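Heads up, there are several structures right after this.
The two complexes that follow have chain A in common; it is paired with chain B in the first and with chain C in the second.
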Partner chain A sequence: MAKDYAKATAVAGRPAAPSALRQFSVLLRKDLTQEFRTKEMLVSMVVYAVLVIIVLGVALSFAKPSQEYLEVCGGLLWVLIVFTSLLGLNKSFSREKENGCLEGLLLAPVDRGAIFLAKAVSNLIFILLVEVLAVPLFWFFFASFATPAETAWLSVVPLLVGSVGIAGVGTLLSTITVNTRGKDVMLALLFVPVVFPLLYACVSATTATLLGGEVFAATWTVSLVLAAGYDVIMILAAWVLYDFVVTA
Partner chain B sequence: MTQPPAIEAAKVSKVFGARKALDKVSFSLPQGAFLSVFGPNGAGKTTLLRILATLSKPTSGDVRVGGVALKEQPDAARQEVGLISHAPMLYPDLTAEENLMLYAQLYGVENPRQRVLELLDAVGLKHRRLDVVRTFSRGMTQRVSIARALINNPSVVLLDEPYAGLDPHAVEIFDELLATVREGRTFVMVSHDLDKGFAMASHLLVLARGKVVSFGEKEDTDRAQFEALYRETVGMGVA
Partner chain C sequence: MAKEKKPPVLPEAGQWPDKVAPVALVAGAVLTTIGFLLTFLWVPPVVGASVNGAALIGDSMVTQQLLLSQKIFYFHMPVALVSFIALVFAAYYGIRFLATRNARFDACSKVAMEISLLFIIMTMITGEMWTRFEWGVWWTWEPRLTTYLILMLIVIAYFILRNAVDEPERCSVYAAVVSIVALIDVPICFMITRLIPSSVHPVVLREGGMTADMGICLAVVLVGMLAVGFALYRARFGQVRLGQRVEALKDALEEN
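Let's turn to the complex of A and B:
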């Protein structure tokens, strides 16, 4: 065994490090393989989302179905998405922390931006998968009591834009908080104030799609531009800051 | 042409807030050497190792690994370094093969699959390659961890208390594996085990309060004097 080992571990010429895109795809595949194998994060997020929907249903059980009811639906939907995403974001970096895996990645000649983007994209995929299950359930429980405007289907757009921002900012913040004491609370404490502008814009855009008419015309475009602008600025900043965050 | 030193540290300091974890640490280690680093808890041993591994940046000073400056060419330096610590750096829900393939691909290893199978065979775990790491014993996990650290054929191997948590049998296997990869490589080991560290070393470094208390070749060192110095520095406490 010793002879084979010496041969297998002989010092050789240095290979060239792969491109950042290749590293990104390798890291993304790693995250997806782990999650689809264990389903740990997805199952907890879906169960949590269902529980939040039930609690919201109980809380609003005495409200009379009306158009005013629709005005709060957009906000409630984002309460569901933010809390469910927080649960997933906390779990996603706990996995990297276990066994010192993040340090293993940082030891390799890996573009730090690729680590961030792979983690952010995998988080986005998981958030979107949970939304695919939770959002129809949410509409069934809440929006079916009143008649939403014809533009309601456009709520998919703020959902997508908001999820991108949540995954990007959340990935950066969960990297920062993973080594702190009380990381679950710490992530929430940092996350909610930082995503406040995005949350506000997405609630506004979602509500506009449900109400339609003048409200839609007045707020839809502005809210979406604000949310998309937030995404671009924050994800670029997170990408640039990531090396500092992981090696400070 | 003379070979550059395997590791060259020049006035390396690391400050965390008001605390100096490392204070102008300088030493030069020739290629093929085995450096054992001793010191009390909080002396800066792990900080030094983390800097050598490019996991942390020094506040001031320069470090070169195989002639490559960590500050200017961190990725080139990373190709030269492997780290084995008490944390295996393996994803518990991936198989041994998937874990090693991940690292092989990140390092850009040629024929990654062949290399992974060779290494798994070498550490005696080829038959368990499709099992997830979570099902492995501590000793088996450490063996996969050795394979991980050597996936890129590093010329410098850093060992951060690698015996922590290993049972005597696993320690024996680890020592055997380590002996077979000594040739052509430089080792830096942080350990609290004076006997083991002293036996394996060609060079000795003692740190206390972030400063170099002693550095030199083992053959120039008297064991009894070194032991006395070690006991004295352990009593010096943290920085």
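Let's turn to the complex of A and C:
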């Protein structure tokens, strides 16, 4: 699609449209600048993460803290990440909508794939930034009294793989839901079932790193490979389908 | 007299499959009834055990209740298969809609999704009966159960999404995209829940294939259910398209 625009502009005697990579970096820089100036999304995500941690704390307040907490911690961590990123994904597109930015983007000779990638990468960066703050906090509140296995540091890998998938699928779905009535609920309705397989694999991998030993040997590789497979397939699908969604 | 206007293009409904549909409905009803009779009167319980008393199957003692509860399998499995086939059709018509932007394919996709939801609900109900008697619990996070729960949630979300978008064209595009995402997501969901070994629940699998009698009975019910699904699809499709035709006629009248 970008090629047609490039050709059209070249015929009109104007310089050709910039390359896809350049478009991508400009769009990404736009998102980052906008966010770091207002800090609206990051602040609300971090505060929300703290609130989820408090709710989880209440939920666990009558369970005896013990080594067995480790079996639950991996799952709870992903509860935190899913809810926090849902909030961020909701915000990421409503801003484009409010300022009429999306129309401007679609009028400009910009490759739709570049829009998708820029939006997904900026969402990924925000999710990772929030995780950098929220995961140690989570650890401080829930797991500091239990000694995890030596492999615990490896849980960075499922966190990364999971965030990539969440950002990719979430970008497609939030583009859909930004134009619907009751968009916040709608995104959750679509996002949670679609991302379920990834969540399952990531919880399995995270728990494996925390428990170590036999569980680690049995589930670590297969969980990670499956999570990465989900990422590849779903992001490719989202990339292909994005053109239809964003121009609809 | 005013010069004759070109008649507006109206949505069409009746094609040749509509003539086949009533026959398919009758055939489906007859076949599923025959299948129902076959399961109880003709097909023997698993591995030739008698229903009067207990039998040793594999390594476990199986009682009369379990042997009879196995009969639900002949309905559960065909219904589940039909629901997935309907989902495949929904995604196929979704792709065709995105390629052609023809509202007809959108109606096809939507109706196929409705049929899928109907059969998914039937799958869940029969599956619950099976789970309760075979495994002794109402719910377990077993791969097939989990996959179908997720599938049901996505399909429900699909209809909520359709209701939440005001512009018809946009609604159709979003619906088509979600139907394609659903079709991609569901097999991945099954693979992931199946392949990751769970430390809490063992994967429940009983060894032992089907005998020829069981296969025949299953095939009869499957063909019957497919015919019923097809007939329902055509009936609902006709209804949806006629509704669209009425709307188009109203618009045409208002314009004149």
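As a convention for this text, the second predicted complex is superposed on the first by the 236 of 248 C-alpha atoms of A that agree within 3 Å, B and C clash if a C-alpha of one lies under 4 Å from a C-alpha of the other, contacts with A are read in each partner's own complex, and residues count from 1 in each chain.
Going forward, contacts are C-beta pairs under 8 Å (C-beta built on N, C-alpha and C of every residue); 3 or more make two chains touch, one makes a residue touch a chain.
Everything numeric here is computed off the predicted structure, so don't read it as measured data.
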Which superposed partner A:176 touches (first chain B, second chain C, both, neither): second
Which superposed partner A:226 touches (first chain B, second chain C, both, neither): second
First, second, both or neither for A:124, with chain B first and chain C second: neither
Which of chain B and chain C A:189 touches, first, second, both or neither: second
First (chain B), second (chain C), both or neither touched by A:202: neither
First, second, both or neither for A:26, with chain B first and chain C second: first
Which superposed partner A:18 touches (first chain B, second chain C, both, neither): first
Residues of chain A that lie at the interface with chain B and also at the interface with chain C: none
Contact footprint of chain C on chain A as seen in their complex: 172, 176-177, 179-182, 186, 189-190, 192-194, 196-198, 200-201, 204, 215, 218-219, 222-223, 226-227, 229-230, 233-234, 237-238, 241, 244-245, 248
Contacting residues of chain C [partner chain A, same complex]: 98, 150, 153-154, 156-157, 160-161, 164-166, 169-170, 173-174, 176-178, 180-182, 184-185, 188-189, 191-193, 195-197, 199
Contact set on chain A toward chain B in their complex: 1-12, 14-18, 22-23, 26-27, 30, 33-34, 37-38, 95, 98-101, 103-110, 247
Chain A-touching residues of chain B, taken from the complex the two chains share: 53-57, 74-76, 78-83, 85, 87-94, 98, 102-103, 105-110, 115, 118-119, 121-124, 132, 148, 150, 152-155, 176-177, 179-181, 183-185
